[in-house]
């Protein structure tokens, strides 16, 4: 399939991240050029597991930074973390691809990652706090330029 | 109006379902070709009221299956189910079309329903568990093919 | 940048409103024609601070009307209102533009506001209850006409 797609990944929920990466990898497998713009809570998905705790962070930044990339909440039935655990079990049982594997596949298929620089500033995240696969640190205007060339643009 | 629209209905909230079906029926009334791709919690909207409980379901599948199609939560002010009840009263009072009626209208206007096969597998749903109006069980690639031909694509 | 963009602002959360207005003002600064369609909880963002309390409102309408435009919740880590307060502090600290200022900028850049007439009816809102910047009270068909001419359409 010829054409481009952009996804704004605003949410940091496991279920929405799964939806985004399933769309991204399916499109990229079919030959489309895919860009994911990670903003706000979505940045949690591309945070390194351990990263430099900086002094002088405000409470919201500290809380965001305590959110674990490997234990994302889900948008319904979260039940204090029990939901995501059950979700992972259910996914394994039916042989559904885990987020970790979808992320690996996305990189192999050269899905482009843009980390929203404004949100990074807001959460006190630096380039070294994010996974090395991030292609670009940029703002909304970079996203818009990509979206203008794309057939499919979604906000997740 | 000539042209196509696709909606991904990821959410199972009453308010978001109302937004999706209002857009879908308005567009279809104006002559547009509309496809709704039901995925994740959105599948709850096209579940049959009673369906075959299968043995061996995991806890998440059982919880999802206990969610009632006729009592969807709302995304704000849900208040343990009080919000949706108040919402239905408010809708009746101002003569707003109920979701049930919008769904009937959508079928009359030949809005196309695709049930995400990956999510169905995840929740342990079979074809006979969903309303007969579902046109197709398919994955993300079917959605992408439709979206590539459409002027408007939204993720709800 | 030449072209049009529409945003459906369904959410009344501060973080999503910030995302919407950042996209809208960035696009409008670059020369794009931007329309925001405020529906459901998103109407809270364009409500006047004080407006005419009408008799005969149902409980949901009263609760919606008690929601304060100047104290929007956030979609994650809301923590009974502590989250948004921390968010505002964090935004000031890093010099990020506040929603109030983004809204002013949006008007200067002539971002078009449509208030969903169906949702206004549902919440018992009249034209005089909304900020004077609203250009149009209209339903889904007005939105669809705009979206059909636009390169980028997002549901937030």
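Order of writing sets the chain letters: A, B and C. Residues in each chain are counted from 1.
By our rule, a residue touches a chain if its C-beta (ideal position, glycine included) is under 8 Å from a C-beta of that chain, and two chains touch if they have at least 3 such contacts.
Predicted, not measured: the structure shown is a model, and the values here were computed from it.
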Equivalent interface positions on chain B and chain C, same or different at half: different
Turning angle required so that chain A lies on chain C, C-alpha fit (0 to 180°, nearest 5): 120
Gap in Å, rounded to a whole number, between the CA centres of chain C and chain B: 25
Junction residues of chain C, two or more chains touched: 153-155
Residues on chain C engaged by chain B in the complex (per definition of touch): 8, 10-12, 39-41, 58-61, 63-64, 118, 121-122, 124, 139-141, 143-145, 147-148, 153-155
Chain B partner contacts - residues on chain A that touch it in the complex: 1, 3, 5, 15-16, 19, 22-23, 26-27, 30, 32, 75-77, 83, 86-87, 89-91, 93-94, 96, 151-156
